[in-house]
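I've put the structures underneath this note.
First subunit A sits with subunit B, and in the next complex the same chain sits with subunit C.
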Partner chain A sequence: MNTNLRNIAIENSDTIVQMWLEKIDSLKGEEFRFSTSDELFENTNREFVNVIFTSIKQQGSLIEVITFSEKLITLGWPLSYITDGLQLFRRVTIDYILSNSDQVDTNFFSAVLTSVDKWVEPIIHQLINEYTGSWEHILSIQRIALQELSAPLIPVTDGITIMPLIGTIDTERAKQIMENLLDGVIKHNSEVVLIDITGVPVVDTMVAHHIIQAAEAVRLIGSNCILVGIRPEIAQTIVNLGIDLTNLPTKSSLKKGFITALEMTNRKVINLKPMEDGIEEMINSIQGE
Partner chain B sequence: MSIPILKLYNYLLISIQTEIDDKTAIQFQEDLLDKIHKTGATGVVIDLTSVDIIDSFIAKVLGDVITMSDLMGAKVVLTGIQPAVAMTLIDLGIHLQNVATALDLEQGLIKLYQELRV
Partner chain C sequence: MTPQSCVKIREEWDIVSARQLGREMAKKLRFSTVDQARITTAVSELARNIYLYAEEGQICFEVLETADHKGLSVSATDTGPGITDISQVMQDGFTTSGGLGAGLPGVKRLMDEFDIQSEVGQGTQINTVKWIR
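Up next is the complex of A and B:
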């Protein structure tokens, strides 16, 4: 019975494919139509049904499906399109088989349903597995990338290190910031660390608490911390929330903070040549021509 | 097991190399104050580079020793606190607010020298 049905499907594959291709066109979403050329669309659809039939012929072999799904993922085809296409295939096949047979009893009907399900289900499963697998992979890569970016530490000169913070700070990230900060201070032997919060959109009590804790810990290991990049709205929030930052030196910009840091390490920035000398030199060289 | 206290000119150097238990800590407190009294030292550096764990009691004793030494006219600097130790202390809510700290022994001595000269 089962083989019988399979033979019917395989023998009439051309008709089924034709029916399927006619219907699949309506599934093609608007946004999808623009991103893919008609030719590519046609080819992939053909390959799609071929893969389905190969799988049916080889009694459920999924090797073709795996290669095909990898190709789809690289092309960026939406999973919903593929599952819809498979459901459509199931419907078309069932319709075809039923319309071309004279038996109409319930047994035959359920046998057709079961066997068609058996052909289609493994393919759907495999495709969904491949898709979610690739999504999870991307997600984990992005998480690692995010972690790498979350607490960078830049040693600028001897004894001065900068930690630029960008984006929202949550408890997990705050912990990482503190670890990186302390390890970095020891590693680079920095006397002053500048924490730049220019890129932190919101400073609430929790974020402030984390920053104060980090600064305290830095002080404990024998270094100094300056909080820089406090924007006007951040200053307002801090005062309105009643956060006490008196123990933590603060500066409005990284530039000012850096100058303070240089002062703390008994250094300063000087111009090698006064500005006037440069202008005079320029005038002289013009006159010489 | 007592902790050795070394004298260098006007300063006392202490490098804590073992895990400190409560008894050692108390013993150390007495020893240091005695030594300050005997030598008339004006500065003390306590180096914690090889200390991996500080609990709240040890932290309290350290804080006390520092206040006591201050009373006796000796300025104390803590040096070489490990990142993990600093994090534990902050988590425990021990901020050692009025304690001078430095990255290593060298910078600790420089700090003492600068503060005592003023």
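Up next is the complex of A and C:
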């Protein structure tokens, strides 16, 4: 019975393919508004239906399916194209087999349903696996990339280190900030650490709490923390929230914070040549000629 | 009246999506930058409370329009353990999680209207409104 049905499907594959292609074309208008040329869409459809038939002919071999799904993933086609396409194939094939056989009783009906399901299900299964596998892979790569960006520590001069923070701070990141800060202070032998929060979108009680804790920990190992880059609106929300930052020296910009840090380490920035004198000298020399 | 838009809070990253939706709506309503930051911070506090104490709940936003002014309503609903003593949690510095204890009183100061209802074992509902000035 099973092989019999398979033979019917394979023998009439041209008709089924034709019916399927007509239907999938209407799907494109409704659901797939992604930008692909009609030619590419048609070629891929043909390849898709060939892959399905190869799998049926080879009694469920999935090698072609894997190659095809890899291609679709690289093209960036949505998963819904594949699932809808296969559901459509199932419907078309069942319709075709039923409409072309004289024997229509319950047994035959359920036999057709079962065998078509057996052809289609493994393909859907395999394709969804490939797709989700690729998503998970991307997700884990991005997570690692994000972690690398999360809490950098930059030693600028002897004794002064800067930690620029950009983006949302969650519990995981707060932990990293603390660890990197303490490791870095010991490693670079920093006297002053500047924490720059210019790029932090929201400072709520949790973020403030973590920053205060980090600063306190830095103080315990004998260094000083300066919080810089507090934007005016952030300053207002901190006041509204009633967060007490009096124990933490703050400066509006990284530049001011850096100057303070230099003062704390008994240094300052000077111009090697006084600027105005230089210009006057130049003018004098021109006049002299 | 526009329909509510809600964000479910189940994990820590949902706080970020609630916050982003809040900021987006505040921006669309043309709140000032400071008020945008206030609303975003309030949403962040409310969402974090849900995440920390109730584990599951949602934050809903609604645009309010009366005859003479417009505003944004932010409400937080959860089915968590509830709060035994509301006056206690509204005090600055009270915390059960080792935080700063500035969350709820802070939200009250950040927003214009604040209403909290809670029943032990049933859950907590907080309604807040910020009006455009």
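Note that in this section the second predicted complex is superposed on the first by the 271 of 289 C-alpha atoms of A that agree within 3 Å, B and C clash if a C-alpha of one lies under 4 Å from a C-alpha of the other, contacts with A are read in each partner's own complex, and residues count from 1 in each chain.
Throughout what follows, a contact is a pair of C-beta atoms (placed from the backbone, for glycine too) under 8 Å apart; a residue touches a chain by one contact, two chains touch by 3 or more.
Bear in mind that the values here come from a model prediction, so they are computed numbers and not experimental data.
Chemist: Clash or fit: what happens to subunit B and subunit C when subunit A is overlaid?
Modeler: Here subunit B and subunit C can both sit on subunit A without a clash.
Chemist: A:Ile270 contacts which: subunit B (first), subunit C (second), both, neither?
Modeler: Neither: A:Ile270 stays clear of subunit B and subunit C.
Chemist: Regarding the shared-chain residue A:Thr168, is it in contact with subunit B (first), subunit C (second), both, or neither?
Modeler: Second partner only.
Chemist: So, A:Pro232: does it touch subunit B (first), subunit C (second), both, or neither?
Modeler: In the superposition, A:Pro232 touches subunit C alone.
Chemist: Per the contact definition in the header, classify A:Asp183: touching subunit B only (first), subunit C only (second), both, or neither.
Modeler: first
Chemist: Once both structures sit on top of one another, what is the angle subunit B-subunit A-subunit C taken between CA centres, to the nearest 10 degrees?
Modeler: Roughly 70 degrees separate the directions to subunit B and subunit C.
Chemist: After superposition on the shared chain, which partner residues are touched by A:Val202: those of subunit B (first), subunit C (second), both, or neither?
Modeler: second
Chemist: Counting only touches as set out at the top, which of subunit B and subunit C does A:Ser223 meet: first, second, both, neither?
Modeler: first
Chemist: Considering only the touch criterion stated at the top, classify A:Ile286 as touching first (subunit B), second (subunit C), both, or neither.
Modeler: After superposition on chain A, A:Ile286 lies in contact with neither partner.
Chemist: Which value, in Å, gives the least CA distance between subunit B and subunit C in the superposed three-chain arrangement?
Modeler: 9 Å.
Chemist: Show which residues of subunit A lie in contact with subunit B when the two form their complex.
Modeler: For this pair, the touching residues of subunit A are 178-179, 182-183, 185-186, 189-191, 213, 216-223, 247.
Chemist: For subunit A, which residues count as touching subunit C in their complex?
Modeler: The touching residues are 168, 170-171, 201-206, 208-209, 212, 232-234, 236-237, 240-243.
Chemist: For the complex, which residues does subunit C have touching subunit A?
Modeler: Those residues of subunit C that touch subunit A are 12-13, 15-16, 19, 23, 33-34, 36-38, 40-41, 44-45, 48, 92, 99-103, 105-106, 109-110.
Chemist: Which bits of subunit B are touching subunit A when the two form their complex?
Modeler: 78-83, 85-87, 89-90, 95-97, 101-104, 107-108
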